[in-house]
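Written below as structure tokens is the structure these notes are about.
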Amino acid sequence: MSFEWEWFPKLAEGLPLTLQITFSCIAIGIVLGVLLALGRVYGPRFLRGICIVYIQFFRGTPLLVQLFIVYNGLPNLGITLTALQSGILALGLNTAAYQAEYFRGAIQAVRGGQMLAARSLGMSLPQAIRYAILPQAFRLVLPAWSNEFILMLKYSSIVFTVTLLDLMGKAKRLSARDSRSFEVFLVAALFYLVLVFVATMLLRLLENRVRIPGLGAPSQHR
Amino acid sequence: MLLRVEDIHKQYGKDKVLCGVSFTMNKGETKVIIGPSGTGKSTLLRCINRLTPADQGRVWLDDEELTHTRTNINKIRAEIGFVFQSFNLFAHLTALGNVRIGPMKVKRMNKKDATTLAMEELERVGLSDKAGAYPAELSGGQQQRVSIARALAMFPKLILFDEPTSALDPELIGEVLEVMVSLAKEGMTMLVVTHEMGFARAVADEIIFMENGVIVEQGPPKQMFTNAKHQRTGEFLNKISELYGETG
Amino acid sequence: MSSRGGAPIQYIVRLGPYIPNLLRATVINIELLIGLIAVGYVFGTLVALLQVYGGRALCTVARIYEWIFRSIPALVLIFLFYFGPPRFGVNVTGFTAAMFALGFRSSAYQSQIFRGAIQSVPTGQMMAARSMGMSRIRAIFTIILPQAFRLSIPGWTNEFSSVIKDTTLAYAAGFNEVLRTARIVYDTDMTLAMAVLVFVALIFMVLTLLGNAAMGFVERRFRIPGLEVPGHEKARQMSLGSSGRGRG
């Protein structure tokens, strides 16, 4: 086996895209996930139904199929997105469905008395959700959410299938021109190991910072 | 007349919990509701500030009808304090945060004033040194005192207490009752569901005895304890005094 | 009818000729699923046993193994298993590469399922077995593992529904699994892309449902009263059925 030092900077060129896609889809996922969770818990029946159908579809089908639907399928309906837009959108819609379920679980784990207490102070329902329920749900959901972040970091690698040159795309391109494909992917694997390690550490730091006594179990993921 | 409750009915499925309850309260009065468990005392309290909607009947606070659908119930609730059996302090906020969130978010008070106010109320319940502690770091008695401070910070016209000491270990009951006694003496209007007969004797202007969803009898403590009109009232008071003693 | 292809029924008619191919390809995904679960089961159990009973050094090795296979994206693993063996003179097909790549990765997750199950068997069980004169090894195999196996079934249901979706990642290994077959269909006729992809999505929803039903059957078949994962039943009733998270 032999390696080239120049592979490192070449693969590193893909890092910004990998990070951009990860952060963007997580952001979409949080906003949409919270809305879906609220819709599922507090919404009227028809809205609850819509949320459930959405969540079931995106959790029941492969992410790669979803990506192709957005990138190759939507043009059939007259919606054409760039590869980057497709990647961010597909990953974002997907993680939203999972995050919605985590948030839903967390919202329901906040004890019912908290809602009563908030309403007894004269808070409206939206106020009670915003000031009493959500701040607690966010903390309860943090470990699951950290996990989700790591998963999306790894899943972002699928965007190379729609021609994007993220870390994975760069590795694929490099390996096509070099007979040492195995070694190239070993280096790519090393990049992902470091990325995941750093992300895990930072997320753990975040969890410790926002931890409040009596709210949620201490972080448990590796 | 501060509070007028008229003919409240409430039914859960086939279970009739309240079957026409009426009474009134004047400003500065303390009334204690007693009765066997499952007779709708807690439900009655919740029907008053509509945390649980009543099926039938009306409630007025200062001549404003709370039970009217057009009434802004959030505004009314801000004027009625509620102290829960299980405290229900917001778990993500410190003692200080719990007390000032009402003034800040419901009354739109600025943070500085709300903090000053909250510190005063914590002082009033003897917990200013615990302002920075989270609920999980406080004893049950301390949590309940914070929740009383949380109610006080809204300058309520009336505070409803739903068995405030029932979830507490015996040695922690005293500190909560002490706060409640001093509130009563300061002239706060309080409606209290409790089994603490010592408290009732000491500060209640009137005791209301409920059973099976109706008020059986009401009157000043002296009369109720020594000269109850109904046999059931006397029996219950004797039993409860034996069980809970008369401390407090 | 729009210029872009018309009513859904027309799509179904045009999709018709390709359906047998797509279903045949789905069988390849199912074979891949079975293969990778088997690989994952064997190595997962091994890693779990090493972690629980293996002593310090082996435990550390097992943990590093888990960490590596959890941290590298599946696609990178698939390419490593595809390009790696030829470097050492062993030729592999895309299918084998994908099966082992996804299988080893699955083993890193299955080991945790099994480890958790072993550790949730009460310690008294081991003591009781030893007190009967069983050796440690015998106690592990006749007392602990049978219980752990039952406790780990819910975890495996989840694992199954997670990896079944990730079998499409074998798309990258270049053999004709269902997604690549779909791709070939719409590469020849781009107007069919949406129809064929939605069809593939539906296949997976059906597979997930069938798989959950099958695992539910297994769970009931091996159920022993009193030997259940705490909270599992409740969690299952509240959630929308198992849709295990893919791992990327």
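Order as written gives the chain letters A, B and C; numbering starts at 1 within each chain.
Here is the rule we use: a contact is a pair of C-beta atoms (placed from the backbone, for glycine too) under 8 Å apart; a residue touches a chain by one contact, two chains touch by 3 or more.
No experiment lies behind these values; they were computed from the predicted model shown.
*Asks:* Using the stated contact rule, I'd like to know whether A-C or A-B comes out ahead in C-beta pair count.
*Replies:* A-C
*Asks:* When you take the mean of every protein CA atom shown, which chain's own CA mean is nearest to it?
*Replies:* A
*Asks:* With chain centres taken as the means of their Cα atoms, state the distance from subunit B to subunit C in Å.
*Replies:* Each chain's C-alpha centroid was found; their separation is 55 Å.
*Asks:* Distance-wise, how many Å sit between the C-alpha centres of subunit A and subunit C, to the nearest whole number?
*Replies:* Averaging C-alpha atoms per chain gives centres 20 Å apart.
*Asks:* Could you give the separation in Å between the centres of subunit A and subunit B, each centre being the mean of its C-alpha atoms?
*Replies:* For subunit A versus subunit B, the centre distance works out to 45 Å.
*Asks:* Among the residues of subunit C, pick out those that touch two or more other chains and give their numbers.
*Replies:* In subunit C, no residue touches at least two other chains, as defined above.
*Asks:* For the complex, give me every residue of subunit A touching subunit C.
*Replies:* For this pair, the touching residues of subunit A are 1, 52, 55-57, 59-66, 68-69, 72-78, 98, 101, 105, 108, 148, 150-158, 160-161, 168, 171-172, 175, 181-182, 185-186, 188-189, 192-193, 196-197, 222.
*Asks:* For subunit C, which residues are in contact with subunit A within the complex?
*Replies:* My answer: residues 4-5, 66-68, 70-77, 79-80, 83-84, 86-87, 165-169, 171-172, 179, 182-183, 186, 190-191, 193-195, 197-198, 200-201, 204-205, 208-209, 238-240, 243, 245-248.
*Asks:* Tell me, which parts of subunit B touch subunit A in their complex?
*Replies:* 49, 51, 74-82, 84, 86-93, 101-102, 105-106, 134-137, 147, 150, 154
*Asks:* Enumerate the contact residues on subunit A facing subunit B in the complex.
*Replies:* Touch residues, subunit A against subunit B: 110-111, 113-114, 116-124, 127, 131-132, 135-136, 139, 212-215.
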